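Note that the chains take the letters A, B, C and D in the order they are written out, and that residue 1 is the start of every chain.
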Amino acid sequence: MSKLTSMREAIAELVRDGDSVAIEGFTHLICFAAGHEIIRQRKRNLTLCRLTPDLIYDQMVAAGCARKLVFSYLGNPGVGSLHAVRRAVEKGIPAPLELEEYTHFGMVARYIAGAANLPFYPVRTFAGSDLLRVNPLIRQVENPYGSGMVFVVPPLNPDVAIIHVQRADVEGNAHIWGLVGVQVEAAFAAKRVIVVAEEIVDEAIIRSDPNRTVIPGLIVNAVVHEPFGAHPSYAQGYYDRDTEAYIAWDTISREHQTLQQWLDEWVYGLSGRAEYVDKLGSQVWQRLKPDDAWSGQVNYGRYC
Amino acid sequence: MDGYTASEMMIVAAARELTHARMVFVGIGLPNIACNLAQRTVAPHLELIYESGVYGARPSRLPLSIGDPCLVSGATGVVPMSQLLQYYLQKGLIDVGFLGAAQIDRYGNLNTTVIGDYYRPKVRLPGSGGACEIALMCRRVFIIARLNRRTFVEKLDFVTSPGFLSGGEARDRLGDYGEGPAAVITDMGIFRFEHTSHEMFLSSLHPGCTVESVQEQVGWPLRVADDLDVTSPPTEEELRIIREELDPAGMLRG
Amino acid sequence: MSKLTSMREAIAELVRDGDSVAIEGFTHLICFAAGHEIIRQRKRNLTLCRLTPDLIYDQMVAAGCARKLVFSYLGNPGVGSLHAVRRAVEKGIPAPLELEEYTHFGMVARYIAGAANLPFYPVRTFAGSDLLRVNPLIRQVENPYGSGMVFVVPPLNPDVAIIHVQRADVEGNAHIWGLVGVQVEAAFAAKRVIVVAEEIVDEAIIRSDPNRTVIPGLIVNAVVHEPFGAHPSYAQGYYDRDTEAYIAWDTISREHQTLQQWLDEWVYGLSGRAEYVDKLGSQVWQRLKPDDAWSGQVNYGRYC
Amino acid sequence: MDGYTASEMMIVAAARELTHARMVFVGIGLPNIACNLAQRTVAPHLELIYESGVYGARPSRLPLSIGDPCLVSGATGVVPMSQLLQYYLQKGLIDVGFLGAAQIDRYGNLNTTVIGDYYRPKVRLPGSGGACEIALMCRRVFIIARLNRRTFVEKLDFVTSPGFLSGGEARDRLGDYGEGPAAVITDMGIFRFEHTSHEMFLSSLHPGCTVESVQEQVGWPLRVADDLDVTSPPTEEELRIIREELDPAGMLRG
């Protein structure tokens, strides 16, 4: 049963004003194409969940899509601040932004609880941190096997998770390699899942290596084919992280005005990712293309 | 065609219960064949999920255990048990589970742990395996068992897997779990559970069986549906699929 | 740093009388070779942990190695009872056997807690089961985000875990494909880890597909090269499960006497797995050999 | 050879702290180079583990983030963050972690969250990321920071990552965690923590620096070791490895 659709339709149908949305991926496979489509469709009052909001949430906050962030690290990795997020938090531009803040482990634990249908998840982090003072959702339970308390976090169940993958079949069964981050937990925790793939492959490719299948089609609502959909983040084996774009963002985003101009040019002014890819130009893709490094094969055996 | 075995009748009756089901936790043996039959008849989109961690299996032979390597090769996915039990089963993604038991009571509670006292057992049975969590967490549970008085007992020696416990709202009080047993499929008839008391009643007799012959095999005074059905016998097509496609060697339909 | 050693040395050095031992693997990759060596070295008073004790623990119980089982399913899968375990439990032959019993999920949760250094792990199973009555280690904690209690189990930290894998390098970095069961959790939960591999490969093979590495060498104490070491269990892509042996065990194990004769012939009478493989004979291995079914490759990319 | 930069001195000082260390949680930048230098000098068996889920990396270029694809290709293993945080870090497998901070106090507590009031921040900083759990769960923690009064403050605006809290046994009372900060490596000297009070003291001055010049950059009356060392300057070999092998483009040693 094919779930293949366009990014425009997937976002229009599955992301609603007021939703909580998780576009996950730790450095790797961050679906900028979906974030841009959400901006284009002017979705509003979203609660954006991600360990590292990265550039994509900086852009969505600047575009006025978000009312809240649930996160653990607010930075432009390796470069510096997320200026749009800071403007919203420090100055209320373009609108105030509520923050709900954890550590990486706290966020991962929230997704695990959400994926596993547990009322809470125990972690040994947080002790001694002022996070306990500012986040009343971090609580404690008593250890029934000894003395002492254990910190717990509640489940995080986003309305929508958007998971970028290297390849998927039309039902949404997906292979990921390289960093997997919390993609699996975010997908199982979410009420609706959009899989965005660099390549749509025949199910025979998925079935040739079932241990590589990290997202099962049975939790997927829509499948979108969007090559280069993760730029300026990356897809292992397909293209490199565009460090220059991450550095350039620091300048672009320092002023609300220049940032809006960038959104006009690169988001509102384009119909979708295909135009973005064209506009970026082939020399950028040449620069980002890695050489080959093949995994080798394993033998599953045919048992008759 | 009236030549069919009691096992074939059970397989067919179980398969028909899966109409429109989407995801089913499969055991080996009769449930496995029943699910494969359902895929080819009443539930073309049925996904088979094995406790061992496999989903979307395309076995090239009849699997001999839920850990058979033929389930893995060509499957859609394989996951660690920690994921399967938490993100699939406990998450509530599984529509249907199948269970068997050494003892069943009138509320669909199941014993697979011990006959006699737990600490001085007459017979030590396998224990739960995944049965307890399947009984709690699948949306609906089908119990498959051959009818006899040693199995269908007044009181269990041990509750391994909860059905409706003491009946009424006892199961609801456990918390937010699946609906519990939907039916008991036997070689003589199909049992269901009353809506409020949750007591088992005879819902449908397989052709050739009588209420009296069924009652003889049940260790408590059996309730019988006012509108007691007779199960439709297997169709030619159902039997053809079982005999030619699913169990050509006749290992399970005998 | 090579940790390559013989099975004899690995067991002699790392398995001690009185230890808790986990030879894990769900149907797949059960290390019978290690179990037989433990029998040969007449280890005593072991607490044997496994979801499904399978034939290997039936043999170890019959040989008098065990004082206790920690488990969730006591059966000969697809065949019937474990007769030696039943004799020990029902009649104290050759010695009484203590049972500590969970469900599959309960055991998996114990390993997770052990691997994660958590004082307990929450699960939503057990409700309404008499297991609560006979196992006082299954407890409850209050849900701090709402009403109601949640069941928890304590960590399981075996002294030794023995993990059979398809291939490993000499440091113990190991690839597994096919069913992974609880191999990862058992390994991280254990104080000492023995990796037993069908093949020892160059680390370049491991590094060619890092997402396939499920056991890291950094938790491994010894690496043993033992081809066919999982028979009559199986190794995906290498050999099939020997169903005939599982069926034959039902007869062999029905009497303590015949079982002891089998141990004399197949365990005590052999120096190790190599002799076992020879004795079984090439026609058995021919019968169990699958045809090829290759996984295909993925491209990790070389980034310069 | 007396031509070396303050960054090179910091890298060399950090690397030397790793003598005999086995597993280290690596950040990007100076800690990454320090670890790579240690692998080639004082800790040949050092394993580098990245929060992103990579271990045993063999990067073909200088990684620009802990999620750089060059860390994955050719690595020993890649695992989901859930495993890395639980089975490696929380399990206690990691010997050493490196942390930086916007504010550090005399007990090695770190602030990376906010300058000013949390709810009306003057500067909103990145927050914890994995720093809080690294501070708690690595056996030892090394803090790397350039010395100045904005960073080395009397009182933090926010405790993101606990060091020794209020000193004395305060950290022990948190429970069974790592030992806490072992040293603070700066561009002017190395600080360590007293055994009982756990207050930071100046342990070693880098060549050319004075106690007075250090005190000027620290926002509290600094304790100084009775046997204050002078840090050995980088050796020719250390500088050669940094300049020729680890950072030939000079991105980090400037």
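As a working rule, a residue touches a chain if its C-beta (ideal position, glycine included) is under 8 Å from a C-beta of that chain, and two chains touch if they have at least 3 such contacts.
Quantities reported herein were computed from a predicted structural model and do not represent experimental measurements.
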item	value
Any chain that touches chain D and chain C	A
With chain C removed from consideration, the chain sets that still hold together	one piece
Mean-CA-position distance for chain C and chain A (Å)	37
Mean-CA-position distance for chain D and chain A (Å)	29
Computed distance of Cα centres, chain D from chain B, in Å	58
Residues within chain A bordering two or more other chains	112, 117-118, 124, 148, 177-178, 180, 184-185, 208, 211, 236, 240, 290, 293, 300-304
Set of chain D residues in contact with two or more other chains	54, 68-69, 72-74, 78, 90
Category of the chain touch graph - line, ring, star, complete, other	other
Pairs of chains found to touch, sorted by chain label	A-B, A-C, A-D, B-C, C-D
Residues of chain D defined as touching chain C within the complex	22-23, 45, 47, 54-56, 58, 60-61, 68-70, 72-78, 83, 86-87, 90-93
Partner chain A, residues of chain D touching it in the complex	28, 51-54, 64-69, 72-74, 78-82, 85, 89-90, 113, 118-119, 121-133, 136-137, 158-162, 165, 171, 174-175, 177
Residue numbers on chain C that touch chain A, as the complex places them	117-122, 124, 139-146, 148, 150, 152, 154, 166, 175, 177-178, 180, 205, 208-209, 211-212, 236-238, 240, 290-304
Chain D partner contacts - residues on chain A that touch it in the complex	26-28, 51-52, 71-75, 77-78, 81, 85-86, 89-90, 101-105, 108, 111-112, 123-131, 134, 148, 177-182, 184-185, 234, 236, 240-241, 243, 290, 293
Of chain A, residues touching chain B in the complex	1, 112, 115-118, 173, 184-185, 188, 203, 206-208, 210-211, 213, 216-219, 300-304
